[in-house]
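Here subunit A shows up in two complexes: once beside subunit B, once beside subunit C.
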Partner chain A sequence: MTSLLSIQNLHARIGDREVLRGIDLEVPAGEVHAIMGPNGSGKSSLSNVLGGKPGYEVTSGSVSYRGRDLLALAPEERAREGLFLGFQYPVEIPGVNNTYLLRAALNASRRHRSQSEVDAYDFLELVRGKAKLMKMDESFLSRGVNEGFSGGEKKRNEILQMLVLEPQLAVLDETDSGLDIDALKVVADGINSLRSPERAIVLVTHYQRLLDHVAPDRVHVLARGRIVKSGGPELARELEQRGYDWLLEAEAA
Partner chain B sequence: MSAQDSRLDSVLARGYQHGFVTDIESDTVPPGLDEETIRFISAKKKEPQFLLDWRLRALERWFTMKEPHWGKLQYKPIDYQGISYYSAPKAKADGPKSLSEVDPKLLATYEKLGVPLHERARLAGVAVDAVFDSVSVATTFKDRLAAAGVVFCPFSEAVQTHPELVEQYLGTVVPYGDNFFAALNSAAFTDGSFVYIPPGVRCPMELSTYFRINAAKTGQFERTLIIADKGSHVSYLEGCTAPMRDENQLHAAVVELVALDDAEIKYSTVQNWYPGDENGKGGIYNFVTKRGECRGRNSKISWTQVETGSAITWKYPSCVLRGENSVGEFYSVAVTNNFQQADTGTKMIHLGANTRSTIISKGISAGHAHNTYRGLVSVMPSATGARNFTQCDSLLIGGHCGAHTVPYIETKNPQAIVEHEASTSRIGEDQLFYCLQRGLSEEDAVNMIVSGFCRTVLKELPMEFAVEAQNLLAVSLEGAVG
Partner chain C sequence: MNAAVRPPVPGSLSQAAFEQRLRDAVMDAAPMLNSRLLPVSVRSAALNRALAAGLPQLRDDLWRYADLKFLGSAPWAPSPTAQDPTRWQGAAAAVLPQREAGFERLVFVNGRHAPELSDAIPAFDASVSPLVPERTRHERFGWLNDAFATDLVRLAVEGERRLEIVFVSTAIDAPQAVHPRLELLLRPGASLTLLERHVGGAGHASLINSATQLHLGSGAHCQHLREQSLSLESQLLDTLQVALDSNAEYALTLLQLGTRSLRSSQRLSLYGAGAGARIHGTAVSQGSRTLDHSLLVDHVAPRTTSQQVLRGIARDRSRIAWRSRVEVAATAHNASSQQSLKGLLGGAGAEVDLRPQLEIHTDQVRASHGATTGALDENMRFYLLSRGLDPDTARGLLEWSFLEDAVSLVGDPALRRLAERSLVAALGSSVAGEAVQ
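Coming up: the complex of A and B.
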């Protein structure tokens, strides 16, 4: 079975610093994979390289997404092809209406797929439903994008966007950080509602706690820019108990 | 020998070139500005003596003045004696004969702005007399205004039909000797708009220069005078979002607004003159004096402007708050791209008690452009209880442009409250990447971020104008990123 996302020997750097040092990863459709690791292990770099963020230089290796060369696509093309990046620190865009951005985003993807655009009325209907699911007050829809949102509200907003855009591959970078326990539950429900045989989700996280609510099919440990161990859900629990050091020591040895 | 002497000398030396002694019927005078030229213009327009005298005093003053250079602007010296100061009911034959002769770039811009087909030819200056059925529009328009008692006509027409109003108000807000460009305009202005709203009348529609078709070509020295009598209200729209074809490089307009007791004037401008090409060649030089006086108590004057055009912009729409409790507002978006330079801002002069003013200025620079906000808030000893709030924000796109803020604050009344906030930000890579990651194109992303930045100003514009202005921002910033 071919993977939705297939990463082979991926190396990347920012300036002179090598941040990814040979990543290999296969994510088949229908699965949820967790990527865990200590701070500075390259987790966010991996998300950013997949999203096509400027500043990262891929020095070798390849990434195939839905059978295409992902690295050859511009960031907006990757998005329209169904790749969604949930940001660790979502930016504020003052004065730009949250709903407006989201509708423009949805319609950009729909145009790309030769579907008709969603008009403002139907869209409002759609987004209201999703906001309810995320237990977000409707006032968030008409506010500036993330403008004055708390950390937790920004994260909910990311998941709201994901639910509206219905991506085929979602890469969620530390979506659980900064969430209280109630918000964590809401966010997890949002993520779970998107699980389907056609989709894959990559959860990038430092802690086990999100994985208590979103059960992963596979868990990978990233350290110093490489995946040093992969396993089933039990690996996450082991990490929770033993921390990362034993793996890092084994790797260094 | 001083510069002034040499200028006078050069005028004298050219004394014989005009030779229009017998040629009073001609449509164009030879280049140059002197008393003869002014007399010629005034005679051509059959102006009353008071106006001729006023023009001549302005000219005399202008000869003693020097072009100001305190603005943060760089341009080649202007040869004021190389300009022809009168070329009236302009020979349309000079224009292109059909749309096929018009610069394709201009047409492409119309396309993007969504200018209706039948309008494009008129804006491009095509020599077709009735390109669209405008007469009926204009007539209905005139009937409705006449019924309300509103006077709205070309300035030259007002001089004939309402000389007493012109004489009473002309130059009372911007005196002819106010500054170099105002003096030049006062001496040589060719036409413009005149508005009078009678006491207690709420003008039944937005007055737009766009509809003033019988004076489409007002030329480079435009003069506008708007008087809102007691308790009246008017909203005036200047300009058009479509770029006008224009061969005059120098523009020096004067706009005077007078608001009497309880009157309100809202003046909105969308200015989109040719800014020069991407290498900084060509483009209009725009030196404008705009000032309103809240002469009566409880009066209000509000300036809203969206500036995207001109190579050089020197413009400070101001309010003199004389009447007690009067209110002055200034909302501005100034966009500069490529090699454009804008030095713009406002002056709020508080004279009356409890006068209030608000200044919201948004400057956007891209390419190699420079954008300067220059503002003055002045509170005189008489202005007890005066308040001002100023907010100046600058947005930079790319690494080669500049934004500058030069706020002057003078308070001579200890009770005045003056607040100033300023910020400068760059369109963040992060903001841009965020939008791209959601599937937006780079162009759409920049437009969205920019209109978000300008939102507080754009919402002050009349509805349909605001939509056009947003499109205009998009066109102006095309290719600004990447």
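Coming up: the complex of A and C.
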């Protein structure tokens, strides 16, 4: 079967620093893939390049998403095509209503698909339902985007956005960092609720603990801008026990 | 002093020529200058002060960023044609903003009271003495408002009141001068919600020279929303002076959205112990416009407080300047002052000049100030794009976010919505009103 996301020999740099040095990755629809690796291995760079963050220069390789050249699309076009990037550090945008952003985002995608804009009342119902799932108080909906949210609240808000937008491919960058165990469970439930045969999820994470709650189909280890090992869920457990060093040494050898 | 060694700002206009223009203007304007509103002695003294002060000089720090080239050709005398409000009522009504429920409205057209567009309330209370504040060269164009104003609002406010004053300018067949004037005296303990609006435009090459003065008696409260959305060819000189007696509270929200060239000179004087003044100001410009502001806050009495939150968004090749100077006198023990100035650059040739200044003559004072200027935050922008928003909407939302705390002072919900709507309209993007909280 063809992959939803297909990355081939992807090289990218920021300024003079090469951060991705030949990534190959196939993510078929219906699967959850975990990208693990030590700090500085290029995990966030990979997420950012997939999202189209300015400042990254792709020097070679290709990324195909739903059969299209992802890198040729502007960030907002990627989003409307069903790519969702969950941020490691979601920004605060004071004064811009959280619900407004959700609705503007959803309508941008709907317009792109030639669908009518969502009815305001239906939308409110939808958002309330998803907020409940994320165990978020309704007051968060009327606040500024992430304004004064705690780290955990910001991450829940990311997943709330994801649930409203129902992306086909979600790339979640360290969504588990800064979460206490209860919040981790809530976030994991949110992610699991999105799993379906048409969708794929890429979890970028440093630790294995999120994977206890969201079982991955494949696990990849990123080091020095390259995937150095891929395997099943058991690889994550092995990493948890042995750390990353043995892989880095093996790679260097 | 020799005029030849003091090059006047307008370049082509010499000091002597400026004086001659003013003297000629007095002759032209004389039939329109009502001495019941402002006595001849006041007008003549003011003119003499203005003549003595002359034109602002390039090297004068108070006027460094003002674009006053238009003074070379701008008229000072009002036009007799424009002074008939019934004649311009139709044109004025067309640009008159929707009225706010619960506010008494007074409308002035080309500086003249227009009873047909106003509520049936007096605009002028003869029992109130003229409110002509002490002006300095910083407020020098206020003197010329004293000299040339053809009509005015002069009221004393007692108890609680909600007033909307709209100054509408309309283009006539020739360049004209309009001198809008507002004088309000708040009696002790009075509470005023004031909506002051400057709309329309006096026409090509015209001059609007407005003067607003407020005096807050002891314990008086004033919430003041001042919206300037004049047409984009307008040339505006503006003088605002506010004096506060003990324990008076003044909160000004300033929206500078229109004009091609604006110079606004503002002075807040905290004369009474425990008086407090807050200014939250926003300016939005594009094209090659210049919006120049100079604000002076005088802490004279003990325990006085002031806060300035000033925000400017300059796009294209436009320029915004905010000079904000706080002076704490030796008599102002335990005064406190906070200043926050921020500029957002929205174009390669745009310029924002922020100058917070502080001069303190007593040890017992708490004061802070800060100023930052930069472009839109790329991380915030990317965040919004990654949610599928188009670049224009993202920019509009981020600009809104940048300005948002500058309208947070407006406690009155209706006024706040109005301020938000005006700002969103001035940002001119596809940002819907619902984006705001």
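Operating definition for what follows: the second predicted complex is superposed on the first by the 253 of 253 C-alpha atoms of A that agree within 3 Å, B and C clash if a C-alpha of one lies under 4 Å from a C-alpha of the other, contacts with A are read in each partner's own complex, and residues count from 1 in each chain.
In this text, contacts are C-beta pairs under 8 Å (C-beta built on N, C-alpha and C of every residue); 3 or more make two chains touch, one makes a residue touch a chain.
In this text, all values refer to a predicted model and were calculated from it rather than measured experimentally.
Asker: Quick one: on subunit A, after the overlay, do subunit B and subunit C clash, or do they fit? Just give me the call.
Answerer: Here subunit B and subunit C cannot both sit on subunit A without a clash.
Asker: Looking at the overlay, does A:Ser142 come into contact with subunit B only (first), subunit C only (second), both, or neither?
Answerer: After superposing on A, A:Ser142 lies in contact with subunit C but is clear of subunit B.
Asker: In the overlay, answer first, second, both or neither for which of subunit B and subunit C A:Ser47 touches.
Answerer: Neither partner.
Asker: For A:Val91, using the defined touch cut-off, is the partner it touches subunit B, subunit C, both, or neither? Pick first, second, both or neither.
Answerer: A:Val91: touches subunit B and subunit C.
Asker: So, does A:Ser6 touch the first partner subunit B, the second partner subunit C, both, or neither?
Answerer: neither
Asker: Show which residues of subunit A both subunit B and subunit C reach, each in its own complex.
Answerer: Looking at subunit A, the two contact sets intersect at 51-55, 74-76, 78-80, 85, 87, 90-91, 93-97, 100-101, 104-105, 108-109, 112, 144, 161, 165.
Asker: Touching residues of subunit A toward subunit C in the complex: what are they?
Answerer: 51-55, 74-76, 78-80, 85, 87, 90-91, 93-97, 100-101, 104-105, 108-109, 112, 142-144, 161, 165
Asker: How about subunit C: which of its residues touch subunit A in the complex?
Answerer: 377-380, 382-391, 393-394, 397-398, 400-401, 403-405, 432, 434-437
Asker: Contact residues on subunit A for subunit B in the complex?
Answerer: Where subunit A meets subunit B, its residues are 51-55, 74-76, 78-80, 84-85, 87, 90-91, 93-97, 100-102, 104-106, 108-109, 112, 144-145, 161, 165.
Asker: Write out the stretch or stretches of subunit B touching subunit A in their complex.
Answerer: 428-431, 433-442, 444, 448-449, 451-456
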